[in-house]
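To start, the structure itself, in structure tokens.
Naming follows writing order (A, B, C and D), and every chain is counted from residue 1.
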Amino acid sequence: MSIQPILIAAAALFSIGIYGILVRRNAVMVLLSIELILNSVNINFVAFNAMLSDVFLNGQIFSIFIITIAAAEVGIGLAIVLMLFRNRETANINEFDLMKW
Amino acid sequence: MSSFSFLDSGLGLTVVVFLPLISAIFIFLIPKKQEMLIKLITLGSAIVTFLVSLVVALQFDFNDAAELQLGTKVSWISSINSNYEIGIDGISLPLLLLSTFISVLAIIYSFEHLPEPKNAKGMMSLILILETGMNGTFVALDLILFFVFFELVLLPMYFMIGIWGDKTVRSVSGLKNDIETRLYASIKFFVFTLFGSAFMLLGFLGLYFRGNKTFSIPELIELGTNGAFTGTFATLVFAVLFLGFAVKVPMWPLHTWLPDAHTAAPTVGSVLLAAILLKLGSYGFVRIALPILPEQAVAWAPAIAILSAIGIIYGSLACLAQTDLKRLIAFSSVGHMGFVMLGISSLTSIGINAAMIGMVAHGIITGLLFFVSGSMAHTYHTRDMGRLGGNMKLLPKTGAILAFTAMASLGLPGLAGFWGEFMALLGAYNPLPGLNVTIFRSSMVAGAIGTVLTAGYLLWMLQRVNLGEPKEEWIDQELHDADNYELVAWIPLVILTVLIGVFPKLIFGATNDAVIALVAKAFGG
Amino acid sequence: MVNQNFVNFLAEGKPEYTDGGVIAEFTWLIVVLPFLAALFITFLGKYLPLKGAELALGTVLFIFLYSSALLYEHATKGIANEFFINVGSIGSYDLEFGWVVDGLSIMMYFVVGTVSSLVFVYATNYMQGEIRYTFFFTSLTLFAGSMLVLVSSPTLLQLLIGWELVGVCSYLLIGHYWEKKENSSAAMKAFITNKIADIGLMIGIIVLALSTKTLRISEILYQSTHDYEDIKTVAYLGGVLLFIGAMGKSAQFPLHVWLPDAMAGPTPVSALMHAATMVTAGVYLLGRMFPFYQGMASEALDVVLLFGVITLLGAGLVAVVQDDLKKVLAYSTVSQLGYMVTAMGSGAYTAGLFHLWTHAFFKALLFLGAGSVIHAVHTNNMSEMGGLRKEMPRTFSTFIIGTVALAGLPPLAGFFSKDEILASLNHEGHNIYFIISVLGAFITAFYMTRAVLLTFFGEYRGDGHPHESDKMMTIPLIVLSGFAIVAGWVNIPGVYTGFTTWVTTRKNAIVEYHPESFDLVAMFSGFSAGIFGIGLAYYVYQLSGKAVDGDQKIKIKPIWKILENKYYLDFIYFKFIIDPVKITFAKFIDSFNTNILDRFVNGVGVTASKAGDIVYKNLDQEGIDKVLNLSSSGTDTIGSKVKLIQTGKTQQYLMYFLVGVIVISLIILLVL
Amino acid sequence: MTIVTAISLDLLLPRKLKYIVALVSILGSLIAFVPIIFQYANYSSPEILFEGSYVIDKFSLILKGLFILVTYLTFLLSVNFVESDEYYQGEYYFLLLSSLLGALVVTSSRDLLTMFIGIELASTPMFLLSGWKKGDQKSNEGSIKFFLLGVLSASLILYGFSLLYGVTGKLVFSDIANTLIQSDLNQSPVTLLSAILILAGIGFKISIVPFHSWAPDTYEGAPLPVTAYLSVSSKATGFVALIILISKVFYDSGQGLGIILVFISGITMFVGNLSALQQTNPVRLLAYSSIAQAGFILAPMAVAGITSNYEDGVYASVTYLIIYAFMNIGAFLVINLLQRNIQSDDMYDWGGLAREMPLAGIFAVIFFFSLAGIPPLGGWFAKFVVFRSLLSTGEIFGLSLGIIGAINAVIALVYYSRISKIIWMDSPNENVKSNNDTLIPSPLRVVGFVSLILTIVSGIFPGIFSNLGEASSIFFNS
């Protein structure tokens, strides 16, 4: 089967993620959107791997690394969000604008 | 110039350049309390520096003044092929001596005359760093080295003006709220000069890349005089060099930082500024811009001549309008440096010689003028000539020296100032063949008129400050005439003024051959 | 253009002379000594019994003796020699000082020596108890030195130096009483006026030096008398420029304005500088360069002649209306200088110098006499004098001698010199000028007689009891009156013309007309003019009633007014030159500096920080909102998005990010 | 072997007791410095590990050395800060060290995967550290912004990588480059797109316009030592990655990229400097200044991208990085010192402070004017090599960028001179309370003098540093 649909799907996922990052107010949702982006990247890698029938499976290895790192990042992200929530009783990232000039 | 005849390993010059810096660092380590110790060390090192420079001068072979002597060439920044290359010839020697000498006097003066906030430690170390910068610029034969020293003087002067400067608040045209003179002046001075030199650095790099990757001035001169640099490239490079040097000189219309800096600076500061820092620019023209880019020099000479003529007239007229004593002298510097540049622009051996002696003379005379005016401002707590008067009666010694210096400054024959002016005019009447004679002769006439205006404002200044009956506000006041520190600092300059005036060979003896060689090499004239 | 018969003359060779031997070699002594003396007087004078006056006196006496010795040597052997010291070279030019010993300079040495010795003696008494007594002698000595530097100079360079030094000394001396503003202003006026003239001299020197490739006067003269091409081209220009310089020092119209004001100085100063020495510098310059003028720049001589004649008449007329005794003498000096310049202009080298020589003596005499009078009555105004001949017999008699000498009656000095000038004018065929000069002689006689009558005759109009001055003052008067009588006898046409040989004995030969015997036309007219002038004045101021009313009789209102205002020259200068420069231009430049240049510079700074403000606030911090708001104003769909987007900073930053990416990719993929 | 040392350190650390941690990590970072020196000393040829995906050459060694030294200084800076804040010491050092590890990895990484891991490893800990002042809302806010943008940038980088992989099927840079050339895809949209995405991602780390917006806030919020580290080390990491990628992967598709970079660096200078002019908060000022400096560091690479004369570019950038690192840390130190005495976000409260603490005053003069590039302080040489490499080819982009640089140097002087002016020339501000804490704790003293000496030496004998830069560039391109 051709690779285009998959790539398009990945791109779509990427864009949705971006949209989410920009539009959702809740920090958690933003984190999730980022997850989406990372997954789109994963799809890319796997798809390419398949397309190129890469014997070293570089793509798949890469995607595994990405998954792990994504997990770590979300962890950190949640930690920060928690901390914020503790201090501000809100997870709405748009309310964090102390440091206007 | 390409083949060096090293009489020694350049040790002497190295000492002359770096001894002050070293002692400055040493002074940093001495606790503030021991003022006397600090002052003595400073004075000692300055005197030693001066003596060493004298020794160097004695070693200098005057029959061979055209050659760069007593220098050395040690690898410095190998990766860009920039070397610690130093040496002196007849052109740089007098200026070097001037610089070391004036520094000594400046230090002697500031022994007892530190403006608020006293802090001898700071002031002394700044003077020493400044001296390193000045001496270094005069001996450096490598563009990068030259640049570093050229810039090294900025910081000390910036702080000298900014910390010890005049604290009166004044309004500045174009700025909404008023500002302390010293702050405005210091940053103006700093930014102006950096503006010039930042572009100058680009110019140096341009030369570096066209001149098969060397920063060595002698080698570049070799190349330049053999026409290596031509066309738009050369025009651009000369333009930026001009910018860098002309700001320092300062040439009209890049002079506006000067009056403010001088008015704001403490006495020692303005003395060093007038006596030596201004010379860095004109020296740069003679040492770098002219011989490396002769073609462009010829192309630019008329412009420079016109600017100088404007500077002369402009400066003198501005002087006539001043009520502030130090500001008046500052503007007079614009006029006098105009003569220097006029001489340089003529591109003849006469003109450039005139410029050289003009630099030295201006250094001595204007330095002295700033000494005197500074200490008067210190005594009267005002520089407003409207309030001064009868100074001759109140402070006879100071007044007498002021009068003498004013006479010297208006180019009185028999005193140092005369040679610079007269010979500059002499050079400008017959510029290098091929230059537009009309322009130069009219600039010469302008210069000649300038001499009259100069006499005018200086005599008027004398009339307002020195002569007449003292104003009653001073009569019952306790005013101190020049004390010994001041006299020790001033008398040598007076003597020097007379000596050079009567026996200009003191300067020409060194410069003439070098200048002739330079002109012959660069312009074949 | 080259004066042809002159070149022919040269073929015949120069007059005889020797190198002068030791006495010439050591002439530098008289030049250097005054400066040393001045130094000592300044620093040690206070501690000496006579407050340093003795040092000054010793110096000038030495000068006097040495110069008389020289003069004797010269009169007997004839000396022409010059010595050079190299003080450095610039380019191909040697800068040389030195001293020249020849007829001209020796004559000047002698004049300077004699007059200054007498004036110094006079001054020791006259200045007694005056403020800054010691410093006065310092500057007086300095002045003598500078004058000697000037007249002894073998190079144009040294000439210029002496020239300006003389100017400065005059500044010091005129402004001696600088507590009062008008005095220091007068000093400034003198200095600046001279400085202006010096532009001419400077440029003239530059022109000549560059065209002849040398600064040595004798060399320049040699070239100009041997038809060198380079100098020929600039000869006229150079000649006129040099003369402009001379106009300054020798107070030629219209640059004479400084001299009358210079009377603000103490009288001895006026006697020394503004009668005998300083003002003769210009004439000396013309004399020194005379071969050049004759050889190359004879057109320039016409200019010289013109100005000379104008001066001698104009100044003479003004002298008539002066009430200030010293002013009368001042203007008469100007007019006499006019005579000398006229002589030079008419090519009468010897005549000019001869008048310089005689005039030096009797004018010094007159000034000192006036000083003695003023010293007695404490005023300068003749309207407050009168009848002093009884109180001050010696002053009176000597003053009379001076007057007669000046009026040009035989056998006194003035007669011979003035006669020679008239003779040469007549010989050269300058008829109008001749007539004017005769008229000038008449006027001279008139105003001098007027002065005498107003001062010494009638009854005393001032207050207090004037009495004869001290010996120290009267002796110089007597000596000088002696000179005023005999000085003319050294050059009597047909009888004894020693003076001519003196001054023409120099390295560069002079050719000119020497009257073999008296030119009767000239002699008669000059003489009668003198007599007539005296007679008329005597009639107006003595026979017909009181002397003070004399002015009223001859007063022709308009002319009188013009004269009293000195042709409005000062007015014009101040109105149209000094004030504009000093006030208008200067102010303009200053405001230009602060309001244009500085404002511009500061403006750059301000603009930078403004730009910073914009960049930071609008672009860096909320620019994206702005951009999007702009774009959003279009369609609602975006607008709705925008509402979502621009709500907070974090997402705004994210927005930045992506917009950045998109923009860049667009640029790369589409543009590049 | 360097990396081994570093890893072993991290493994060691958490088990240690808290108060030792600081000591150990400081010592550790020093120890880690030793093998670097040895390796550099007896360097023969690049060591290639994991079939070319991890290379130790002079370039990497020099930068490793830089990173370790910087981290060491950061530790010293931190000591007092961490002590003032009672808990989580171990973690603090651990996080810094792991970030260092990431940086070290990046220097030698020669394939997509390693580089990605390195970058992540370097940046992830910083997210936490920037939020270290838990009570402080600014700190939180800074960290969340930092985090979100960071992750976004990471994902962009990843997307770019994935595209590259997709196009070539390789991970190792050299292979990728070869494939790109062989099947000449250098100018193909996909390659360029990936290049852009990667550039954007890295642009975030080196905070160039328009990816800089997080920097001021995060810098302001984060604890000062962390800020110093951010502005020096992680910026450097980004640059290392950028340098490697441009000159190893995209060196033939440079044209368009280069031109874009030229514009970016020009704009970055202007935005950074002009914004810095407006700052009264010293940290924000330094933030913007570091943005402007990024523009300077980027410039040579940008021009190199156009002329594909990478040696000069790398040489200039690396030299600049090295000198910049020390003077910038010094600058942060100065802020730290002054704030210890007068706790304020407005530097105008520090009027005349130098009278009380002259040493800090001298530090301020040296470091800030060095940043401004005034001889004989190190900064001038950094700027000089940049100008040199810009003018070296004499083509128009370089020239114009040089002129822009010159103008910016002048602008920068104004705000760099401001702090010195305030503390030396202004009169003390009465209504500011000072906790008269003028004495300087020894760790900070050490930091101060180390960076002082390095700054001055690099100014007076720039030979040393420029040799490092040169060596790195030459061996790097071999």
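In the analysis below, contacts are C-beta pairs under 8 Å (C-beta built on N, C-alpha and C of every residue); 3 or more make two chains touch, one makes a residue touch a chain.
For clarity, every value in this text was computed on a predicted model and none was experimentally measured.
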Find the most central chain, measuring centrality by the gap between its CA centroid and the centroid of all protein CA atoms shown. B
Most remote chain, CA-based centroid, reference being chain D: C
Once you count every C-beta pair in contact for both, which comes out on top, A-C or B-D? B-D
Roughly how many whole angstrom separate the Cα centroids of chain A and chain C? 96
Taking each chain's centre as the mean of its CA atoms, how far is chain B from chain D in angstrom? 41
Rounded to the nearest Å, the gap between Cα centres of chain A and chain B is 65
Chain B and chain C have mean C-alpha positions lying a whole-number Å distance apart equal to 34
Give me the residue numbers in chain A that touch at least two other chains, ranges are fine. 21, 93, 96-97, 99, 101
Interface hub residues of chain C, defined as touching at least two other chains: 605, 616-617, 649-650, 654
Could you list which residues of chain D touch at least two other chains? 144-145, 148, 152, 217, 278, 414
Just spell out which pairs of chains touch, all of them. A-C, A-D, B-C, B-D, C-D
Over in the complex, which chain A residues touch chain D? Could you list them? 7, 14, 17, 21, 27, 30, 34, 37-38, 40-41, 44-45, 47-48, 51-52, 54, 58-59, 61-62, 65-66, 69, 72-73, 76-77, 79-81, 83-84, 87-88, 93, 96-99, 101
Spell out the residues on chain C that touch chain D in their complex, using ranges where they run on. 605, 608-609, 611-613, 615-617, 619-620, 649-650, 652-654, 656-657, 659-661, 664-665, 667-669, 672
Taking the complex as given, what residues does chain D use to touch chain A? 112-113, 116-117, 120, 124, 127-128, 131, 134-135, 137-138, 140-145, 147-148, 151-152, 154-155, 158-159, 161-163, 165-166, 169-171, 216-217, 220-221, 278
Where on chain A does chain C make contact in their complex? 18, 21-23, 25, 93-97, 99-101
Which bits of chain C are touching chain A when the two form their complex? 616-617, 621, 641, 644-645, 647-651, 654-655, 658
